[in-house]
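Structure in structure tokens, see below.
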Amino acid sequence: MNITIVTTGGTISKTFNEADGSLRNDRPVIEAILAGLRLPDLAVSYRHVLSKDSLELTDEDRRLIVDTVRQVLRESDAVVIAHGTDTLSVTGEALHRELPAVPVPVILTGAMRPYEFRDSDAPQNVTEALLACRLSPPGVYVAMHNRILRFPGVVKDRSSLTFVQSASENRPSIPRETPVA
Amino acid sequence: MNITIVTTGGTISKTFNEADGSLRNDRPVIEAILAGLRLPDLAVSYRHVLSKDSLELTDEDRRLIVDTVRQVLRESDAVVIAHGTDTLSVTGEALHRELPAVPVPVILTGAMRPYEFRDSDAPQNVTEALLACRLSPPGVYVAMHNRILRFPGVVKDRSSLTFVQSASENRPSIPRETPVA
Amino acid sequence: MNITIVTTGGTISKTFNEADGSLRNDRPVIEAILAGLRLPDLAVSYRHVLSKDSLELTDEDRRLIVDTVRQVLRESDAVVIAHGTDTLSVTGEALHRELPAVPVPVILTGAMRPYEFRDSDAPQNVTEALLACRLSPPGVYVAMHNRILRFPGVVKDRSSLTFVQSASENRPSIPRETPVA
Amino acid sequence: MNITIVTTGGTISKTFNEADGSLRNDRPVIEAILAGLRLPDLAVSYRHVLSKDSLELTDEDRRLIVDTVRQVLRESDAVVIAHGTDTLSVTGEALHRELPAVPVPVILTGAMRPYEFRDSDAPQNVTEALLACRLSPPGVYVAMHNRILRFPGVVKDRSSLTFVQSASENRPSIPRETPVA
């Protein structure tokens, strides 16, 4: 299976600068995360697009993300996008709108705590995104915290610090087949 | 979502005894693994059945595992079984045979390297098993190393140290839906 | 052996706030670091004085630190102070000046990278400070990066991101005894 | 400062074999431990002598260790020996006896739990051994668990799983200088 991972910055890839004590988006960390996972039979390509806090993404940045996904779709069985959580929903809705007949799963993921921290949720979320590449039907999703939620209608819940299906779109993200008894 | 985790021992839960330098199955480690994950909206019950290297499981032990799964199925939306990898396939085939109309996903998992080791694959595999609880149709599976493989016909490949679908049963474990363009 | 650990904030104890993505001095982390060490025969008391970036320490804050050390000296075989690195030298010089006949080792330590990060130097530095409590003669020191440097004359080297003995005070921090052959 | 690290095996360097589930002495791990430490101004050479559980060391093996230390002493400001804990005292006594006028500190260390385990005491003990290289007068020592104990008269306490000065040799391992008030 061939997948492409598109990196855009976000909390997941914030790193600590020892000279000035700042936390910055300087470089992607996703290859380090994948180095800690066992992924036989998964060929991974990387497309580094941006290193930005997602609050700073412009319309043009988002257009660049959508265009990159459109381009890599042709050669990928699935696409994972590492993205900041603050405006992940905006990008998810844009992908859903701009790529209506997306032929493969496009999975957004990220983290509430940067990968460089001991207690980061990044390894969990990336593990889930990579499994969703195999299990999800075509569509645009966020993979985080044991849930795969399908766009449209996914939002960040700022009180519980995770993503939820918005009330108006309340439905199971992936219908499970009924058992054949 | 309510799931039950059944623990049976195996490499995943081997712990180091400092007094004699041995590696043993003394206690389950799965609660420690889940403590490192973010699982909103997942209610987890534990059923500790055995603490054994899976090479030492008897027919009676395996009957006990099957009976426990049959019992917890009634009150669970999914069941995860932490199991040694050496005879995981034997237990998977027994579950598939004894529970032909299983109404929920039953996900076997484990690890090639005990959880107590820095480079253990246990957190990845448990993360995948817990996501497969949500995404997989009813059936008996192994979740490991970015793959969810469905019984019957799953075997441990001793050269690559992972699980594979055996040749005679070669088919996608979960058919993906076709895109609705 | 009885030691007291005085906490003042600094990079070592910066923690990540998931709600706003900031890195802050909210609480000491030193007890978590000691929980990962084996310290038989060491009785540790904690005195939490400040939670500040050391660039923000006022003269009054520093007086509070010196007064706290003077007070806990009476009941301690050694004192460790967790401190930000940016103005650690200022506090070290103040302690050296204000406590000229200090009867036990007073060891300043900290970190270039907060403890919450995977690659933090905090566990190393705290391990070294706790060993210096046993091995160093009375005096005021910084323990960091495999060196125990004695005040006066210790400065942070901003290019190599560690502490060094300043040129004008160049001397071995602790004279080693000559072997008795 | 130039030090030499002599590796002999022991619990500290036991690694897990995924093919058969065994814990073995196959290769030294000390370079991986040092890679996690910040050691400016420390030049380290390695001498890999043995990969053995220390219960299996023969008289000839121990002679080889003593001869290696005697040889590297000439070009080192200190020597660290990574060793199994079960017979570390035997080797320590032999070094003390065979190298009576040792001109530099010779520091034995090891671990109760292999380095590959998450909760290993190896990083702490190696950090302490490397600091004792700088702080200890010439002599033969064990560095472990916040203590530097000097041979002769150091034994493993099997109930508390650490090293202690034996009763007949009860004395401070390194006399601290008296404060000059």
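Labels for the chains are A, B, C and D, by order of writing; each one numbers its residues from 1.
Rule of thumb we're sticking to: a contact is a pair of C-beta atoms (placed from the backbone, for glycine too) under 8 Å apart; a residue touches a chain by one contact, two chains touch by 3 or more.
From a predicted model like this one, the values you see are computed outputs, not experimental measurements.
Undergrad: Quick one: how many steps at least from subunit A to subunit D, stepping chain to touching chain?
TA: 2
Undergrad: Suppose chain centres are the mean of their C-alpha atoms. Which chain sits farthest from subunit A?
TA: D
Undergrad: Measuring centre to centre with CA averages, how many angstrom lie between subunit C and subunit D?
TA: A distance of 26 Å separates the two centres.
Undergrad: Go ahead and note the Å separation of the Cα centroids belonging to subunit A and subunit C.
TA: So the centre of subunit A lies 41 Å away from the centre of subunit C.
Undergrad: Between subunit B and subunit C, tell me the centre distance in angstrom, where each centre is the average of that chain's C-alpha atoms.
TA: It comes to 47 Å between the two C-alpha centres.
Undergrad: Which subunit B residues sit where two or more other chains touch them?
TA: 112, 119
Undergrad: Which bits of subunit B are touching subunit A when the two form their complex?
TA: Interface residues on subunit B, with respect to subunit A: 36-42, 100-103, 112, 119, 121, 123-124, 127-128, 130-132, 134-139, 145-148, 160, 162, 174, 176-179, 181.
Undergrad: Under the definition above, what is the set of subunit A residues touching subunit C in their complex?
TA: Against subunit C, subunit A makes touches at 11, 14, 16, 18-19, 21, 23, 53, 112-114, 116-119, 158, 161.
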